[in-house]
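Before I ask anything, here is the structure I am working with.
Letters A, B, C and D mark the chains as written, and numbering starts fresh at 1 in each.
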């Protein structure tokens, strides 16, 4: 079943907004997606009907809140084909990566260990691990990219050859290049080189757009973030093998994550609760569960097919604009819907301003991937990124805006 | 101006809910407060009108989102009489305490330092610091309580006498005893003993209920949480002197908190952004700002006066029930609206179940204060806690329920 | 959530007049101490074993009515059984608390009155405390030990 | 957000035909390099000082139209001024970017065309880059040094 874009758009009142007389064309879903009404309704229902804190309440509101929250865990686990016991809710994907960096890397690795990363990582999946590596004295190696923006797996093989890589963290889908990395293959390479290695994947740009089976990926942990997958702000998750969580040290400490506390020490609750300190994001979990419900309703295969088609059209459309250079793979089978490009001689800030003045919302900048910018030898890019509410009608305003920018800023 | 409880209640549709034919009587605001409609509306407006990510967007939605988010920082700073540059948004108060425990205690203290805590701390303000102290080899000392549930300041003076306490973390208002601690006085004692000492206060139960001036308290940092002050779940803050934030090491790392990133290192953004990694709680910040707006509208002096009055009535009402023992101060000038008590011979779980079956929502358990439970020599307490939407009509169902429990569970 | 669903008359009887409640047991084979720090429940369970059979089971402890009544009902259901059989019965009770129909309703005796507790997730761990202590005591005996302390939530 | 509010014709002129743009300066007193890693803007600024006056100011760099045009307009406004006076003018421009009315509109020259940028918070730092480099160059000179590198965002 194809995505009924018109129906999706009807659930998004924001799309009726006009910007200076222009129709709103939202092409910035890689930064944050729009939020359909059923998601808002789910949060509202909690606030208007079951508002209370979770855990140990003995009155009905508190039980409902707990059910909503724990139910969201099960829903997310089902969506990603993972064990609910392995789902730790965090405030965003960044916290999920930090949880692993503190709870595992800092706690268990040392100077004999080597971490594998790549040059295309988002800062969220890079800085926590480079900081952790520096703290424990471990080396970090980076898989480079090929000229078409794919991970260079031959180079990866060399980096792995000495068998010292015991931890790998890389991105599933690049937020800049759009590249869909072959996670099972790189994971096998890592494990073949060292079967004790722990493999972490940043799925922030993958879970919203592709069918994902945590089990089939064969990895140890996966970070996601709600606000990029039709969900609310303020919630993300680390999805992990429960055995990995068992081995991890607690990170944030406080209420609810303890078993017992004395004045000087504490013992810890069972996983995943051991990693959820304090009052959790209850409304947000309800909202995320509703967002997952929508995505499951569309079907992730259909979501992917829709975006593959739209990305092909976007690449074609960009090809018609003089001076546009697309970064990343041109083959739509190898890429998602985030498309970064340069417009010859014009700074992305100026491009973005022109597009914004015409109602076209794109992101310009380094997209939290400074090392990748250096590889591409650019300071910034302009990025258009699509989702289930976009269709081919959104491409013409983009193309027109780019042509207007080229004319306006011509020297 | 007194609080117009009827008007507040009209903004809370949840209060129209019936539980098994009983009117909902919500006396669990110390766990989490109800959320009035204007707060929900503020979040809705963001999602339906300005939904996008903050920071560096060059289109109007992104600027509006950034203004909402940064505006919330200013609003919260104004409410607490603090510098907006010192406001770091976190997911809850627990994260705020952890931020300080990692960014300051673990980073800067060592075996020569002594931490001062108290026996009445919530786990959120205890465990992060005992863990940090253990990690750096520092000693922790605990101020005991007097029989009426006040901090024993004579004992505190002894604990401070050797001048070795360089960090103190204590609670402003106890979530169990209700005690309002004399923060300026204990802070002066700490500083008189060692003028380099850093003083942190857990304001989770104070900011919702009392007028608070961060400047006048004379402390270095203050933790609050949105969901206890009419705000949404998923947001809290560490409010600190900017100079303290400058001295702190980064904690969560990733996007937005960096200045520059290379493959192996990073430099950090200015405070407070240095401590806000990844996509923040945008809708939640808008909701929290709206909640603060409501509280400012009521006037915090009026909120306090309302609760003082209601607490006096609650203490009187509890006095009429045979077998009830109230923990904590009896003088309503020394206490807030969270009232813990025992019902002779009946386990709090059973009390809570009886009350819950009659629509009366109270919390039973250790309230994340295990060490305090040991001091009180109880396993758990029953706690009734009020807020701006409660009035004297809520006390009768509570008293009736307690009498019903006493009869039902009589042996 | 009505009080009657949760607190059946049989439960209140056991709560008011607990069976086999004692702080000591002559010739005890095993003594286990279980506690649930989240609830503050504490349970001491002692068993005497003769010919692979539970010759006596006594408990002592503190906790809510459900935990105390359930332990009392458990001692009645368990005493006299072969160890393996008692373990199996404990497992049956555990599954009942998770919403399954019990396979041995008759053998559970008064324990069957706790079916309704399964609908109250926060109280399930209270009802299980005594049974889990029994399971641990038997397993401790089978390991050849005589005492064991467990801190848990379920 | 109309393009015209932001990109006044004067700004586009400076962008298309920058003044005092050069990679070198004979007899330079100070060379500063400023960069804004968030935008990727880079700016080299060189000054020559004669008798406490800015005898020459040249810039070179990469960045968006606003940053390049603002630096160009800045060089025109600054050259020939006493150091103290130029510092004061830079401060006037900075305050204008934060929404205040400029105290010396005439002295800012084409710099006044950037008033509208104050309404676009994300672009303010672009407009400031050249002026902040100027301030730093003068302060570096006053410290008796000849080169300085600054990485900043404002």
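Note that contacts are C-beta pairs under 8 Å (C-beta built on N, C-alpha and C of every residue); 3 or more make two chains touch, one makes a residue touch a chain.
The model shown is predicted, which means the values in this text are computed figures rather than measured ones.
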Relative to chain B, the most remote chain by C-alpha centroid is chain D
Please compute the C-alpha centroid of chain C, do the same for chain D, then give the distance between them in whole Å. 79
Quick check: how many Å separate the C-alpha centres of chain B and chain D? 47
For chain A paired with chain D, centre-to-centre distance based on mean C-alpha positions, whole Å: 38
Taking each residue of chain C in turn, which ones touch at least two of the other chains? 1, 37-38, 120, 122-123
At which residue positions does chain B touch at least two other chains? 19, 56-60, 260, 349, 353, 356, 365, 370
If each chain is a node and each touching pair an edge, is that a line, ring, star, complete or other? other
Throw together a list of every chain pair that touches. A-B, A-C, A-D, B-C, B-D
Of all residues in chain A, which touch chain C in the complex? 56-60, 63, 66, 259-260, 267, 269-270
In their complex, what parts of chain B are in touch with chain A? 13-14, 17, 19, 24, 26, 28, 31-32, 34-35, 40, 43-44, 47-53, 56-62, 91-95, 97-98, 101, 117, 119, 122-128, 130-131, 134, 140, 142, 225, 227, 232-236, 250, 252-256, 258, 260-266, 277-284, 349, 352-353, 355-356, 360-365, 368, 370-371, 374
Inside the complex, what are the residues of chain C that reach chain A? 1, 37-38, 120-123, 151, 153
Can you check the complex and tell me which residues of chain A touch chain D? 19-20, 347-350, 353-354, 356-357, 365-366, 370, 373, 378-380, 408-409, 411
Could you list, by residue number, the parts of chain D that touch chain A in their complex? 1-3, 6-7, 12, 15-16, 37-42, 62-66, 120, 122-123, 126
